[in-house]
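Below are two complexes that have chain A in common, paired first with chain B and then with chain C.
Showing the complex of A and B:
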């Protein structure tokens, strides 16, 4: 079964690639042209979507990992339920980072620029910066949410067993949540030089080379 | 990686079991219990623990068998709660735990029928976790073949009985052979299932089940000295897992006295201390019953130790198995203490195995 699921897609890709190559239209596979012709809006919007999407995924994942352990531990030790909400809050903060970056990045989308005037150097840069910035922030927040969630689960169960342990494991969680903050800072730095999308003064399209 | 998805299905139950484990009696509880003069004091002391008022409706005088029965019922209720809330693969894991009790129940019923005891009395003495629907039909046992075809083939124990269908008569020796053969098949099957579950569960459970297999191997060897069990038959009862497998098992199959067993166990560092002389004995190697009792004690201590270690890891199923074993040990402990109180044998009261 493994051979089919792992072997079939690469096989199909290789067949298509060889077909294109051997029928003389190998030039159709042109990475540079793809990057030049794809709209910077597509890159930017995808980046913002990944940012908020992956952040929320990380936060939600962390919350369910911690939440189920709090519920289980709270059966015999109901006192832990209030104190351990702080772990849930740490996970939630990760989603808030994603929202902040999403808002900051969406502000750079600016006014609508018609396609003929869109393809300037500044706009290309903004598009790529928003994509990779969003991916960075999203991935950082995903992993941070997971980290805080798993540690929070251990903190809840340890607290149920021995109340002295909670604060000590909370320190580990705080260090874990800093990862999301790193992602936020890096994401802001990456787009600090990017200007809003703006129209070119003359025609700026990838299909027509501008001197 | 196990931490990513474990809590989806099992997070709540893990928290619940760890809560149950926090209610296991500690040394301070045992100190209070051993100071009780009567069983009523004993009941009062237990009502302050997680046992609560489990003996509240019992008429005086309380008997120790009632205490054991009610404590076991508490454990059964906890297990049933876990089992009803579990999904695959935890539900299958919990079912494996019940198979051990089923094997004990089946053997109890067959033995009891052969000695012509009353059916209802036998069914009452069965362990509640090992009950299955067609159990009363076992009381018409004549030979294993018929037993298998009519009753056992629909139970989960069916694959374990295949190896012992050749046992012709059902006499006491053969029943013990059947019990051990079935248990060996069950232990190997459980071990393989745990290995298929992947990392932390398999690590924890393999350690525990290996020790269980070695313990059974050594016990079968020692108990078969001076009996009519032949060495080939003995060798077939050893489980094919554990630290003593395969060389240790081969040597134990040929052993004739405890010294040889001691030598085989020297090869495994954890088992060396099982046979060391305690300070009270005067080093006589011929005192077999004393060594055997001490060995049994040390086996229990090691089992409790391994089961406690299972709780140090999160996101694995070993804690469910370990909780059941530790709680059973606790029930044995309180039964022991209750018996000592009832029979006024206070000098032996400290012989229980402390857990926490």
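Showing the complex of A and C:
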């Protein structure tokens, strides 16, 4: 029943696209021009925001999945409460990765460059690198936080059933936490060749024309 | 129309991101789903846990495939002289590796979960489980191979 509403956004997009095409201004749809005219600062800032936002979302999600299981299992088996806090720490580490990358990326924003001198090749590159790097780190940390959270919840309930199981299920949790580390590595590699935002010596902007 | 426009790295970076993120979706799902099954097995037969960690290890390998492709693509990205064709091919390589890794991780997770639960009751299931997991893993490997072939086509391209 609710699936009918999924058709409305594509329908609106198709109507707008056909209108643009059939009224003779099809050239207005120009991905390259959009990428050239959008500010690199917009891309960079969005990436940094996504990085920290999605990482913390993943960490929080994992913490509440694990925490509710620890507390629930702790009713009948109070001994599990202290040992299973390590699963909470595994989830927290994912948020720390997001903070680290957010700080490293923020350092690349550098001095403010006025718009007329902003649109150089290096600045475009840095803007795109920070956007996609931030999205990669954020999404990988979100998934890692979820995975560690589910596995930590499983470990807590297994520990409540049998104390010997905790260390063995912790191995699965370690495998889950390497996903966040891979995201961190990829995020750092992406911006390794991106320089800070710097002003061009002469006019460099698709928006300001020398009239 | 330049062959090396300044927005070409946008597509290259999109390839890096999709390789890493989509493989991680598969790896995370595989690890979590198989982990739930392993905990279920451990409650009844703790001595079988070490052998049942195979699905979890294979999910980690899927994430490594994504890491390999994203490192390979990001090493080729430079602000100067990066052709647009390289951007599109890198995006395609990242999507190939990413979506196959997503599928492989999903398959490994579901197969691992149900097979380790069967392993509690019947120990002869183990060999079939490993065989099925290998076939699921190889899906991710196909994506890695295609991504590597595509990447090799655009390395060392002297266009601009």
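In the analysis below, the second predicted complex is superposed on the first by the 204 of 211 C-alpha atoms of A that agree within 3 Å, B and C clash if a C-alpha of one lies under 4 Å from a C-alpha of the other, contacts with A are read in each partner's own complex, and residues count from 1 in each chain.
Going forward, a residue touches a chain if its C-beta (ideal position, glycine included) is under 8 Å from a C-beta of that chain, and two chains touch if they have at least 3 such contacts.
Since we're looking at a predicted model, the values are computed, not measured.
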item: Touched partner set for A:200, first chain B, second chain C, both or neither; value: neither
item: Contacts of A:71 with chain B and chain C, given as first, second, both or neither; value: first
item: Chain B versus chain C as contact partner of A:89, first or second or both or neither; value: neither
item: Partner chain(s) touched by A:160 [first = chain B, second = chain C, both, neither]; value: first
item: Of chain B and chain C, the chain that contacts the larger number of chain A residues; value: C
item: Which superposed partner A:150 touches (first chain B, second chain C, both, neither); value: both
item: Which superposed partner A:124 touches (first chain B, second chain C, both, neither); value: second
item: Contacts on chain A seen with chain B and repeated with chain C across the two complexes; value: 146, 150, 154, 157, 161
item: Contact set on chain A toward chain B in their complex; value: 61, 64-65, 67-77, 146, 150, 153-154, 156-157, 160-161
item: Parts of chain C lying in touch with chain A, wherever the complex brings them together; value: 5-7, 9-10, 13-14, 16-17, 20-21, 24-25, 27-29, 31-32, 34-36, 38-39, 42-43, 46, 49-50, 53, 56-57, 59-60, 63-64, 66-67, 70-71, 74-75, 77-80
item: Parts of chain A lying in touch with chain C, wherever the complex brings them together; value: 32, 35-36, 119-122, 124-126, 128-129, 131-133, 135-136, 139-140, 143-144, 146-147, 150-151, 154-155, 157-158, 161-162, 164-165, 168-169, 171-173, 175-176, 178-179, 182-183, 185-186, 189-190, 192-195
item: Residue ranges of chain B in contact with chain A within the complex; value: 3-4, 7-8, 11-16, 18-20, 22-23, 314
